[in-house]
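Paired with chain B in one complex and with chain C in the other, chain A is shared by the two complexes that follow.
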Partner chain A sequence: MRAYAGLAGVWVRASWTYRTSFWLLLASSFAMNAIEFVSVLFVFANVPDLGGFGLREVAFLYGTTGVSMAVANLLVSGVEDLGRAIRTGTLDQMLVRPVPLLVQVCTERFALRRVGRLLQAVAVLMWACWWLTWTPLTVGLTVLTLVCGSVLFFCLFVLVSSLQFWTTDAAEAANAFTYGGNTLTQYPLTIYPGGLVKALTFVVPVAFVNWYPSLLVLGRTDASDLPGWAGYLSPVAAAGLALVTGIVWRAGVRHYRSTGS
Partner chain B sequence: MATRSFRRYSTYRAATLAGLFTNTVFGIINSFVLLAVWRANPTAGGYDASDAVTYVWLGQSIIMVVMLWGGGTPSDLTERIRTGDVTIDLHRPAPLLAWYLSADVGRAVFHLLARGVVPTVVGALLFDLRYPAGPGTVVAFAVSVGLALLVSFGLRMLVASASFWLLDAQGVQQLGSLLAVFLSGLTLPLVLFPGWFGELARALPFAALLQVPADVWLGQLTGPALFRGLGFQAGWAAVLLAAAHVTLRRAERRVVVQGG
Partner chain C sequence: MSLIEVRDLRRDFVVRRRTGRFSRTRDVVTAVRDVSFSVEAGEMVGYIGPNGAGKSTTIKMLTGILVPTSGHVEVAGVDPSRHRTALARRIGVVFGQRSSLWWDLPLRDSFDLLARLHDLPRARYRENLGRFADLLDLTALLDTPVRQLSLGQRMRGEITAALLHDPDVLYLDEPTIGLDVVSKARLRAFLRELNAERGTTLLLTTHDLGDIEALCDRVVLIDHGSLAFDGPLTSVQALAGATRTLVVDLAEPGPPIDVPGARTTRVDGPRQWLSFPADASAAPVIAAVAAGYAVADLSLQEPDVEQVIARLYEGRG
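The block that comes next holds the complex of A and B.
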């Protein structure tokens, strides 16, 4: 943890040197995501509901997955560039340092500007929360959702990136799972065919990022085939994915045979 | 020049496959979202459900051809301006604009074959798509995609030549791709944009990149409307290429002034 903060701090100070550039990139990261939500608003100018869910409910789903994604995306800044670290050989330098490899890879080029994405998601989520009636249970559940969602996306980023230990050239395919998972869960899962929802529940468990717990918070457990208590299982899904991620990451590091002759 | 450029882009096979996979996954997600929209409102924007799904897959095929978020040979130019290599380009026996355009045509043809065909086939297997009404529509669609490439080249060239004046053009590029992705109708068909904002978006050059070719394919534009659509594209292509030409001429003089 202290190592993480220290290494991330180095990159934060580095980006702070070019202050104008930093603010511009932060603003554009905010705008890029804001535009995405504008298109959700445009959709609702044409239809009263989407898959049986109104604008405020969709905004809640959008906000919860958005915050989770943004937190994970910020924390794993460097993981997507694992392929480059392998190709250029900087991974060898990391392996000999007395800091866990994952911490070093994640903090490489730590991108504080991604806070822009987080701010946008928080804004949408706060707007969505404004309309809900809250009980201590739903507040607790929402906080738990955000924590588990962040863990799930964090693991997903590390998991698909560690595949680069085997193939360094196909990094773009990882986006289909990470950013794809984010896009999928921005909408009520009722709009997808049942087979896909099952896959998102049991294979790549992104449905637990926000869908099942949100049904409890929104009082819409009728919209799912699974019983309502599935909403409390996000920590189980997060722990399971973390376990798998740990195994694959370790296997990848063991498989790594350095670059060059 | 176009053939060489084709070969250059076809070297990276694994990256192409990975990109295809990602395009296809996003195509599937977008299809389900739009299907839900058209379930709730079966005549939204004058499309029906299969028009909407076809639009998504046309978009997934065309994004790499017109390079919506910037890139292609104009971003080589940005890099060459930064390093100073652009002075070599200025000595070539062909005008700068034509040189870069021919290279970009090669890239576009490669991306059309490698990134366009597969998503269309996958989309056709998974969803009920709409196909062109006849050979006339196919020809019109081909012309329309060609014009879309010219418009996008003009836009990207203007963005790239900004780096003759600004040393760090990252901000302009980000803004450019932000506008292009949203206003071309890649995130959401422009026919769903409401009110005056929709009218404005449909009049801007970004509409020539995806919305017009898609409408030609879907048979939304026929007879006089078809010629108005193609004319709209050709008009913006002429304006943007002329603007890029003028900008480059002024930039060339500026490079000379800066000297050695």
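The block that comes next holds the complex of A and C.
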């Protein structure tokens, strides 16, 4: 943790030397995501509900996946650039430092400006929460959702990026799963065909980022084929994905150390 | 127990080549072939060989960056590829062509961060930094961002960075490449002192014969992946028959230069190459050339490791 903070701090200070551009990037990151949510508002100007969910409920889904995504995206800043670290030899330098490689890769070019995305997602989530009636259970469940959601996206980022140990140009394909997973879960999964929902549940488990636990919070367990307790399984999904990610990452590092030149 | 122990070390690389639209062949290239040597604590060893001989591959296996295909490596009592992070606390690595410092940060911030990554006690860090910055003449540069440093200054920064945590072994990959004569001399003096004072073991790869002469009691020569020579290299051996080259740019093309003590080996337009024994002084040759010809520019090339390697082979053959 100390190493993470120290390494990330380097890049924060570095970006701070170009203060104006830092604020501009942060603002544009906020604005881009804000515009995305405006388009959701426009959809609701034309239809009363989406797949049986009203605007406030969709805003809750949008906010939970948005916050999870933004937290993960911030924490894994450098992972998408793993290919570059391999090509330029930066990875060799990292391998001779007494800090876990994943920590070093994540903090490489740590992009604090991504906080812009987080602020926007938090704003939407706060607005959605305003209309809900809260019990201790739903508060706890919402917090748990955000934690597990962040872990799920974090692992997904690391998992798809580890493919760059084998093919250094896999970054683009990787985005389909991470950013794609985020976009899909901004809407109620009832609008998608059943096959896709199954895939998002059992293959790439992004449905556990927000969908299943949110159904419990929103009191809408009727909208899913799975029983209501599926909403409590997010930690299980997160732990499972973390395990797979750990195995693939290790294999990737091992593979690098046996082919890198 | 030696500090570095290498036995029958081998490293293969699989190279996939496209031979047709869908077919690919798999070639196995052996970069390091059954190399064995050991280094005792406190030794200064030159690890030399032509380009592509397997020097970097060996160093990478000694630091844990690469996993050996077969054979045995032990550094400071551990297997590098298995205990990479633990070993990182006991070794220092300087890759001459790459930087371990943070480009946008002042030198001091890079050092602070490295000390933190190594969990270095505050007092020891301050003492080491003070000492190395003083010896390497970096004190005035500590607040300069790395990107504004000259190559020589940066290299001194890299070496300080590699030494902050008191490593037992320091690997140096081409430490003096691109440095001017004064910087080279200063760096060599520092490394000698480091070795004498702290007993730090040095393993360096270099193309510069001067580095070996100044620093190494022993040379390990690797060629085409195999060990070709391991032993002390006296300067007699190194310099017997080795030559220095004086490159002369004349004001205009002319016949080969004829001066005592040197031989013209190549003429290309106004540029000529004169070689003379490496143990002779360059001054009389330069004076004679300058006196007898219209010279536009002069430069001196030191003998390099390739010549020594050729010499060693001749000696054996």
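The working rule: the second predicted complex is superposed on the first by the 256 of 261 C-alpha atoms of A that agree within 3 Å, B and C clash if a C-alpha of one lies under 4 Å from a C-alpha of the other, contacts with A are read in each partner's own complex, and residues count from 1 in each chain.
The definition used in the following text is that contacts are C-beta pairs under 8 Å (C-beta built on N, C-alpha and C of every residue); 3 or more make two chains touch, one makes a residue touch a chain.
Quick caveat, the model's predicted, so the values are computed rather than measured.
With both complexes placed on chain A, chain A has more residues touched by B than by the other of chain B and chain C. In the superposition on chain A, contact is made by A:14 with chain C only, not with chain B.
After overlaying the two complexes on the shared chain, residue contacts for A:35 are found with chain B alone; chain C is out of touch.
Applying the stated contact rule after C-alpha superposition, one finds that A:89 touches chain C and leaves chain B untouched.
With both structures placed on the common chain, the touch criterion links A:97 to chain C but leaves chain B unconnected. By the touch criterion stated above, A:250 is placed in contact with neither chain B nor chain C.
In the superposed model, A:109 lies in contact with neither chain B nor chain C. After overlaying the two complexes on the shared chain, residue contacts for A:3 are found with chain C alone; chain B is out of touch. Looking at chain A, you'll find no residue that touches chain B in one structure and chain C in the other.
Across the interface of their complex, chain B is touched by residues 21, 24-25, 28, 31-32, 35-36, 38-39, 42-43, 45-51, 167, 169-173, 175-176, 180, 183-184, 187, 191-193, 196 of chain A.
Chain C makes touch with chain A in their complex at residues 13-14, 57, 60, 63-67, 81, 84-86, 88-89, 91, 93, 95, 98-100, 102, 104-105, 109, 113-114, 116-119. Of all residues in chain A, those touching chain C in their complex are 2-3, 6-7, 9-10, 13-14, 17, 89-90, 92-93, 95-100, 254, 257-261. Of all the residues in chain B, the ones that touch chain A in their complex are 12, 14-15, 17-19, 21-22, 25-26, 29, 32-33, 35-37, 40-41, 44-45, 168, 170-171, 174-175, 178, 181-182, 187-188, 192-194.
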